[in-house]
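Dropping the structures in below, format is structure tokens.
Note that chain A is present in both complexes that follow, paired respectively with chain B and with chain C.
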Partner chain A sequence: MMEITARNIRQWNRLGPRAVYGLALYELIGRDERVYALSADLGTSSGLGRLMADAPERYLNVGIAEQDLIGVSAGLAKEGLIPFASSFAPFITMRCADQVRMNMGYMHLNIKAVGLSSGVSVGGLGNSHFGADDVALMRAIPGMVVLSPADCVEVVKAVEAAAAYEGPVYIRLTGEAGFPNIHNGDIDLKIGKAISLREGEDVTIIAAGSMAHMAAEVSDRLRERGAGCAVLDMHTIKPLDTEAVRRAAKRSGLIVTMEEHSVIGGLGSAVAQVIAGEGVRPRAISLGMPDAYLKNGSYSYLLEQCGLTVDAATERIWDALQE
Partner chain B sequence: MGEDELRSAVLNVKKRMLTMANACGGRTHLGGSLSMAELLTVLYKSVIRYDPSNPQWPERDRFILSKGHCVLAFYAVLAECGFISDQLLSTFQQDGTVLGAHPTMALELGIESSNGSLGQGIGMAVGMAKAARLKGQKHRIYVLLGNGECNEGAVWEAAMLASQWGLDNLTAIIDDNDMQSDGGSGQIVHMRLKDIWESFGWDALEINGHDVAEILGAYNTAPRSGHPRVIIGHTVKGHGISFMENNGEWHHNRLTDKLYEQACRELEAGA
Partner chain C sequence: MTNLEKYRQAFITALNADENILDDLNYQDIKEWDSVGHMSLVAELEDAFDIEMETDDIIDFSSYKKGMEILRKYHVEL
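Then we have the complex of A and B:
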């Protein structure tokens, strides 16, 4: 297992989620002979440089062919191996959606698909590379586990949890090198079990991936203004921790979801679906990417365009609390 | 198994198909199932290794029906080989059955994969062939595709990789009846399949896909080391039944009792 030390966390934070994915997989192949790394010609972009150099026999590059990436992964999984297949988020979900549906869904094969730089974290690469709809697609597939780690410690834990879990998993990477950490030590990341980051009575923010650390900052700002704001780090979008959502709905008059994903079909939709079935009806706000294509720009510019900043989220929630 | 016995097995398979198609009361893909009957029966009766009493046998050869809509022939062959009982066969396309209009993975019945979305079986077959290499296993992988299915781009993603990886434990079989859903393939997308497969680095054999001796000869030809192999069987859609042969209406159609009886008589007469 990867050693969770303050020094390692600092280093991982500097490297960013893709590189940390590569490190976690490198460690994993060293202790589990069934695990293979696959990519559609994006090994280096997947942080697999060291793995490719030290263990080339454990890295399979299928060429720029994402449909085949999932098909070949299916064949390996069928024969008892554990393929981790990575590409940029839209290319490992939408591009090969039918292969995902048949092999990971219908046949429930033990494939781990890893979406790199989802949301708008590829910044200047533009809309063709954004992961705006990957969660919507993946969570609609029966039996799929969807993980959205919030920081580098969670990336490591998500890779380990995915390998230990028998069945299809989608790991969605967001954020970039230097993003603030949530965790400063070891954590117990259980699939389907949210992590509480802040306590508070007036509002609960349910956040995933890169938005979790922002949600925690928003909570601190609201507390300074006298409003209690709980934060749930929903690292597993499917199966959703519905109990945690229900508890939040009963406790807070306002539920806010924050995600680097379209407001259609992602965490916000999943949470709304749970709340809709409850007797109590808190107000619900979904913060995420708009149902539109964005202008070109840097990661920070794009987050600002989406209203996914600490300032914007704080004001939006504060205003809602005043209404 | 000798050629006469193989011909007799093919006749049994075709009879089972007609009986299932008639009994289910619905539309079935009889045309494309009849065109591949010899290719699949000979494969199961004389080539691949399996044990119906131990379907999970790790050393079994693997078969994937990539043209999943022609599952009628697959179920009939699996019944003929002891995987599926007559009782279960009678549930074909009935409510709640495991034997639907496209295969659903059920290794206990000898069904390795779920198919129906065209172009996907070969990708999985490439992965299975690679896994056998990685694990040092000797079994072989066979995948059966339709000529129309070869329109799918995913077929070629898999084909180029199989060749790159030198998967000589992989055999693709093409049921080339020169037709597809909307009509004749020549008028839709004309593909020179042998040339194309060869250009992708595969060894390609062309045979008469209804000639049991030719099929057996092709399957028994030793594969060239380091090359995947494709066997292109030229076939006739609806083969052996006069009103179905080369008739696009029988891509997916319903039998009546009268047509069923006529088809059975023609099969017997042709045997």
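Then we have the complex of A and C:
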């Protein structure tokens, strides 16, 4: 197990989620001979440089061929191995959707797909590389677990949890190097169990991935204005922690979801689906990427265009509370 | 331990580097000084000298000698 210390967290935070994924996998292959790393010509971008150098026999590069990436992973999984296959989020979900659907879904093989830099963190590369719809696609596949770690500690924990879980898992990486951490020590990350980051009565923000730390900051700002704001870190988007959502719906008159994903089909849709089945009817607001193609730009510029900033989210929620 | 000894020890601990090659060591000269090793080295130095390095300095830290120059900015005399 990787040691969760203040120093390691500081180091991981500087390296960013992709490098930390590579480190976690490097550690994992050292203690589990079934684990293999695969990529579609993105080994270095997956943080696998050290693993590729020190354990080349445990790394497979299939070339720029994501359908093959899933197909080869399926073969390994059929032999009892645990393949971790990584590529940029849209390439390992949408581009090879049929292979994912048949091998990870229908055959329920023990494949771990890792979507790098989902959302808009690779801003300069444009819409071809943005992860706007990966959650929508992956959560629609029966039996798929969808994890969205909120910081580098959760990336480590998500990799460990995925390896221990028997079945298909999609790990969605968001954020970038230097992104704020939300955990300063070890955590108990259980698949399907949300983590409470803040308590409050008036509103509950349910956030995933890169948005969790922002949600916590929004909560602090709202508290300064006299509004109680709970925050749930929904690191598992599927299976969703429906009990936590139901409790929030009964407690708060306003439920807000925050995600670096399209407002269609992601965490907001999953939460709305749960709330719709409840007897109580809190107002629900979904903050995420618009149903549109974005212009290229820096990560911070794109988050601003999507209204996914602490300032914008605070004002939006504050206004809703005043209505 | 003098500051110079602490500085050298950080390379030995973080990068498992041979003390005899330190003076001319550059980033990526040895496989341990990759991006991950680099952050380990920075963490080691920060703990040794009780400092917090800025991102630009972490990026500029391209060799043993350059690192000595950078640490002077943090009032670490070597």
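In this section, the second predicted complex is superposed on the first by the 323 of 323 C-alpha atoms of A that agree within 3 Å, B and C clash if a C-alpha of one lies under 4 Å from a C-alpha of the other, contacts with A are read in each partner's own complex, and residues count from 1 in each chain.
Please note the rule applied: a contact is a pair of C-beta atoms (placed from the backbone, for glycine too) under 8 Å apart; a residue touches a chain by one contact, two chains touch by 3 or more.
All values derive from a computational prediction rather than experimental measurement.
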Message: I'd like to know which partner A:L23 touches here: chain B for first, chain C for second, both or neither.
response: second
Message: Contact-wise, after the overlay, does A:L60 reach chain B, chain C, both or neither (first, second, both, neither)?
response: first
Message: After the superposition on A, what does A:E278 contact: first (chain B), second (chain C), both or neither?
response: neither
Message: After the superposition on A, what does A:N103 contact: first (chain B), second (chain C), both or neither?
response: first
Message: For A:G178 in the superposed arrangement: first (chain B), second (chain C), both or neither?
response: second
Query: Of the partners chain B and chain C, which touch A:D311 in the superposed model: first, second, both, neither?
result: neither
Query: So which one touches more of the residues on chain A, chain B or chain C?
result: B
- prompt: Does the superposition put A:A74 against chain B (first), chain C (second), both, or neither?
  reply: first
Task: Find the residues of chain A that appear in the contact set with chain B and again in the contact set with chain C.
output: none
Residues of chain A defined as touching chain B within the complex: 36, 60, 62-63, 65, 67-68, 70-81, 98-99, 101-103, 106-107
Query: Where on chain C does chain A make contact in their complex?
result: 31, 34-36, 39-40, 42-43, 46-47, 55, 58
- prompt: Mind pulling up the chain A residues that touch chain C in the complex?
  reply: 7, 10-11, 14-15, 19, 23, 49-50, 53, 178
Query: For the complex, which residues does chain B have touching chain A?
result: 104-105, 112-115, 117, 119-120, 122-132, 134-135, 153-154, 157-158, 160-161, 164
